[in-house]
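Labels run A, B, C and D following the written order; every chain starts at residue 1.
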Amino acid sequence: MAEITAFAPAIAVLPFVSFLVALFAGKYLPKKGALAGILAMGGSLVLSLLMLYTVATGHAHQSTLYTWVGGEAVPYELTFGILLDQLSTLMLVIVSLISFLVHVFSLGYMNDEDEGGLPRYYAELGLFSASMLGFVFADNLLMAFMFFELVGLCSYLLIGFWFREAGPPSAAKKAFLVTRFGDYFFLVGVVAVFATFGTAAFGGPGVEESFPHLAELALDGEASVNTFGFAPRTWFTIVGLLVLGGVMGKSAQFPFHTWLPDAMEGPTPVSALIHAATMVAAGVYLVARMYGFYALSPTALAVIAFVGGFTALFAATMGVVKREIKQVLAYSTISQYGYIMLALGGGGYVAGVFHLTTHAVFKALLFLGAGSVIIAMHHNENMWDMGGLKEEMPVTYYAFLSGSLALAGIVPFSGFWSKDEVLFETLIHGLGDSPLLLGAYAMGLLAVFFTGFYTFRMVLLTFHGEPRSDTARDPHGVRWKVKGPLAVLGALAAVAGVINLAPVAELTGAHIDFLHSWLFHGPEGLNGEHYEELLEGVAGYHAAYPLGETLTMLASAAVSLGLALAGAGLAVALYRGPEPVEHTDKLGALKTVLFNNYYQDEYQVWLAEGLTARVARAADTVDVSIVDGVVNFVSSLSLFTGDRLRRVQTGIVSNYAALLTLGLTLLLVAFGVMQGWFL
Amino acid sequence: MITPEWAAAAPTLVLGVTALVLFAFDSIDPESSNNPVLAGIAVVGSLAAMGVSVAYLVAGVGDPAVELYGGQLVVDGMALFFQVIFTSVTALVALASYDYLEDMRHQAEYYILLLLAATGMSLMAAAGSLAVGFVALELASLPSYGLVAFLKQNRGSAEAGLKYFLIGALSSAVFAYGISLVYAVSGSLLIDAVAGSVRNAGQPGVLGVGVLMVLGGFAFKTASVPFHFWAPEAYEGAPAPISAFLSSASKAAGFALAFRVMTVAFPIEGVVGAVDWVLAVQVLAVVTMTLGNFAAATQENVKRMLAYSSVGHAGYVLIGLAALTGTGDGGLVLGAGMIHLLVYGFMNTGAFLFIALAEYWGVGRTFADYNGLARRAPLACVAMTVFMFSLAGLPVGGGFVSKYYLFAGAVNAGVWWLALVGAVNSALSLFYYSRVVKAMWIEEPAEGVDVSSYPSTLYAAVITAAVVTVVLLPALGLFSGFAFDAAAAVLF
Amino acid sequence: MSNPWIAIGALTLVSIIIPVSMVVVSALLRPSVPEQGKTAVYESGEVPTGDTRIRFNIQYYMVALLFVVFDIETVLIFPWTVIYRDGVQQFGMAQTLVPMLVFIGVLVVGLAWAWRNGAVQWVKSTRARDTAGSTE
Amino acid sequence: MAVSVQYYLILSAFVFCVGLFGILTRRNALLFLMSVELMLNAANINFVAFSYYHGNLTGQVFSLFTMALAAAEVAVGIGIILVLYRNFADVDVTKATTLRW
């Protein structure tokens, strides 16, 4: 029997085929390419599940598909290959599941709404999924980078889908430029990895030389790598931080988060895909993918944790005052990815992956729910125009509520379990020998309160109270294509936590922390156990339990749950009742700051326009006057010389013979003199 | 190895026999106007020769080298590689000529001369002694003179033939004299034997003059400075398929002989005391590419522009010899030269055949006359665009890879300045190549140009050349191994 | 002990002396009677007309070329004949004879082709035809 | 004792230069052709002389080839000169200058 893993490339190839089909034949297909996309994603989902099963039965797999630079002449190989291990197959399933549901939802959101340009939409969606899937199973950093960039390109295309309107193109441009800024660092990082280790492989079964492993050996002094004169640890930190630049751009971490709220200009299903499973997830996934490398550098980990904690808090506060439902969700995404980063930086590899998983589910749910609301509201996104939608659209409501509870982190919804574990892991490592983490932890903890608050504010304003506009009184109905994905995701958001009920496992002693054991049994060098050893041994992370293990955990859970409930309670207190009123004015000057997103956009625009544009203009002046001058001079000189040279060709054959003889004689004389023939 | 041994010379023999068959056919029916048969024989013959040489190359007949007639002929990887170039160019040219020669007289003579010249070239590639080299060179040259002057009623053609012939006669005299001097020093004409006796030869002056004069003979055949003067005129005045033939196959033949003789007979470490010919080639390479490209940049006539660019390309290929400094991988750079000639054989032949197409349509010869041609013949213009960009070294065709190999080889051998000059010239070449593309695609068409018919074989030849040029970009990896191995086998 | 230059010098001397002496001797011996008629191209007969250079028919050229071909053929056969006997003894008849037959065969093909294409067909020029017609 | 071999070299160089001189100064295509023949014969002198000097026949045989090729060259050359004459009504090689620059 052929190895089932031989079909792994098809996971990415199927959506790519649907991209081609939609692009070239979409016009002629019944649903404008939607069916091709759904079929392809369904296929990918099935295959991903198969891969998950294969890996679960102990067949982690790595294979090189194509070597495009290699051989004896070059010291390194550039390859395409796939790496199927616990982490990547889990992510494959998430991505293909979300993408599948988004495709289905799009039938309701795009087709039924008679949007134009559908073949283009489905083509781009297909390419988007294909690139993300390719990114997920990439077995080396360079391949990952290439697909990473493709993901960025597709998000640019999709955000700017309605390119005839004013907002989307500029939002698309912003998303592209901001993430590109981060990717510069990533690219330098990739080159640095190659220059340092000569390979960019992540590792996996059968891979002898992977760069995290080499780095580990180098730190132990067992292998020598080119560290460009730095101490190995310093250099690895630098490289790690360079790659982190790309991560922060893609995962919208402070200060690169500004593109994400604007990206709401794209179609809502696209937002769901971007936020839940693809674009934004790509960043943190990369950190998890090369966690063995980051675990070697406590500095890099601390930076990750701090960026994550700060982003979580920072974005949550901005989400508090937003009026548009999708804006709230956007900031919640930034905030939640902050948590994931916090977890990874805080030594909670499993926690980070866990939160990535649950977040993918409930955030997709929330966006699709918001999409459903937006359909109902005839594309009005202002929550202050909504209200009372609970009665009109119960399926959406309950699904949305499920997602919101998960987002806020209320027990027993999935978000609670994962967020709790994130905070817990950070806390115990912080209490260990890394007090710095406690600061990050504090920020994360505070953000829980805000999360609870803005989540319930959103729910209350949208679904509760009396309708505040005519459209809210008589919303547009939605059909099964919308409700179906919502129902699936709503159920998942409620129960997805069961994959890793760590606190329950701790209390009862039952082994029900499945994700934990799943990730701990990855291939050698790529599993949680190894990471934990690295964290302990190299990065110096130790867990400490001041109240004993169980009690510390319960206390941590109680604190975060309490804060979430407090936030939710405050929201309920403020926005309860049939006619909620705006309370933002009470914030005074702070309101302005929050509405303006802490003036993040402003300074970045200043950076772009005030500074960069001026430098560019100066450079342009230099370019036009001096560089162009030189170039023009050179070109006219060339043409002049050419014109002189061709005049040598007089057309008279005797002259040619003479010149020929002259040339030969010159050669003979010159060499004669030089080599001493005449001596 | 192959039995019987003489079968190793089969590509040459097939070409020669094809020429004899054409003779026989024309003797049987001199007044015949059965041109498809003539063109057919020529195409089939050259394709058969190509098939044989490709098969030999793949089967490794030339490894180890087969020596025939006491070393007079050497069939090795390099010989077979070059024979592939000659035969494929010959096939393309013969195919295109069918339409080009429509309604002309003396077609049989045309194909006979073409096949005889191809035989000579094929022999040049396999020449194991200076005597065979000289005879083969003449066998390649003499029919070429006739072919250039084939359009007897055309002043340009006659003039081009005259100039080609006179410079050619002078060059062959120089070449013969050079050989005589080498013989004077070494007492042998077999290049292996020459190599043995030129080491620390007693008369460095005689040897040096001889080597430089022999180099001059190669410079003539490859259209390198200062023996290049015939090239712009001959290429411009000749029938366009012949220009294609001369600038691709004939040039490659010159290089085939030059590569073998210079590297085997005059190993640089043995003769450096008498004459540092690598230095001479370096000078020639720089001057040749610069002169060719600069002069091409100011041309108004497309065919003449291509002619000068052909001189420039000779300069690039000369890097293959000029970088044999002893440092770095000589096989790499020599093989790169061979690969460039292979790619050039298709892209340049294609470009000249496009000119043939334009001449067939009666389109004028200047850039301006090509304005808007893409609207009337988009397919051919796409092909021409591929040729132009590939010639300039853009990665749309194999030209990119082969140039890259050449420059990389030069850098590898420590003569980075050669690569630098080459790169600057490549940049300049993009200027004049893109003028053609701009004229065809962007400019408004001129009035009164009528593209009424689409000559099928001419089209087929152009398109085939374009397809091969493009395919060679990814597929060059397959061929480069043969070239590098063959070059290494010649060097060591 | 003879210097070879003596022989060469003597040869050169003789080759110069003989023609010069012939001219000198005849100039000394003959009587000199200058007269205008003697300087004419044809001392007795018609007054010459036209150029001294006349255009030869292209046929002469073709025939001359054919002659050159076979002339050169002889040159190339010559060394072969020298080694023929040794060759037969050493390599056998086939190895020695066949290459030359091939060589000649190729030439024969060429000759046949030239023949068929009218290289040796003596086409009269129009002027020649005209003169022929007027005399009849 | 035979004539020292350097003198043959000098002789052949002299003949070669005479031929070259003819090429550079003569405008008549036929004279151009004859000059080339002289240069080729200069090479022949070397071949024959050094064949004797080295004691092998290679050079002599090669000079036969050179002669054959010279004849062939003349044959082709005269043909081209004929075509030139038909087109330009002259055998002056400097008259044919329609192609230049």
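Everything that follows uses one rule, which is that a contact is a pair of C-beta atoms (placed from the backbone, for glycine too) under 8 Å apart; a residue touches a chain by one contact, two chains touch by 3 or more.
Predicted model, so just to flag it, every value in this text is computed and none were measured.
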item: Required minimum of steps from subunit B to subunit C, each step between chains that touch; value: 1
item: Chain pair with the higher count of C-beta pairs in contact (B-D, A-D); value: B-D
item: Intercentroid distance (Cα basis), subunit D paired with subunit A, Å; value: 78
item: Rounded Å distance between subunit A and subunit C, as computed from the means of their C-alpha atoms; value: 93
item: Rounded Å distance, subunit B centre to subunit D centre (Cα mean); value: 26
item: CA centroid of subunit C to CA centroid of subunit D, Å; value: 18
item: Residues of subunit D engaged with two or more neighbouring chains; value: 23, 61, 65, 72, 93, 96-100
item: Where subunit C touches two or more other chains at once, by residue number; value: none
item: Junction residues of subunit B, two or more chains touched; value: 162-163, 166, 170, 174, 232-233
item: Touch relationships between chains, expressed as pairs; value: A-B, A-D, B-C, B-D, C-D
item: Partner subunit A, residues of subunit D touching it in the complex; value: 20, 23-24, 27, 93-94, 96-101
item: Parts of subunit D lying in touch with subunit B, wherever the complex brings them together; value: 5, 9, 12, 16, 19, 23, 29, 32-33, 36, 39-40, 42-44, 46-47, 49-50, 53-54, 56, 58-59, 61-62, 65-66, 69, 72-73, 76-77, 79-81, 83-84, 86-88, 93, 96-100
item: Subunit C-facing residues of subunit B, complex; value: 20, 23-24, 26-28, 30
item: Interfacial residue positions of subunit C with respect to subunit D in the complex; value: 4-5, 8, 58, 61, 65, 68-69, 71-72, 75-76, 78-79
item: Residue numbers on subunit B that touch subunit D, as the complex places them; value: 131, 134-135, 138, 142, 145-146, 149, 152-156, 158-163, 165-166, 169-170, 172-174, 176-177, 179-181, 183-184, 187-189, 206, 232-233, 236-237
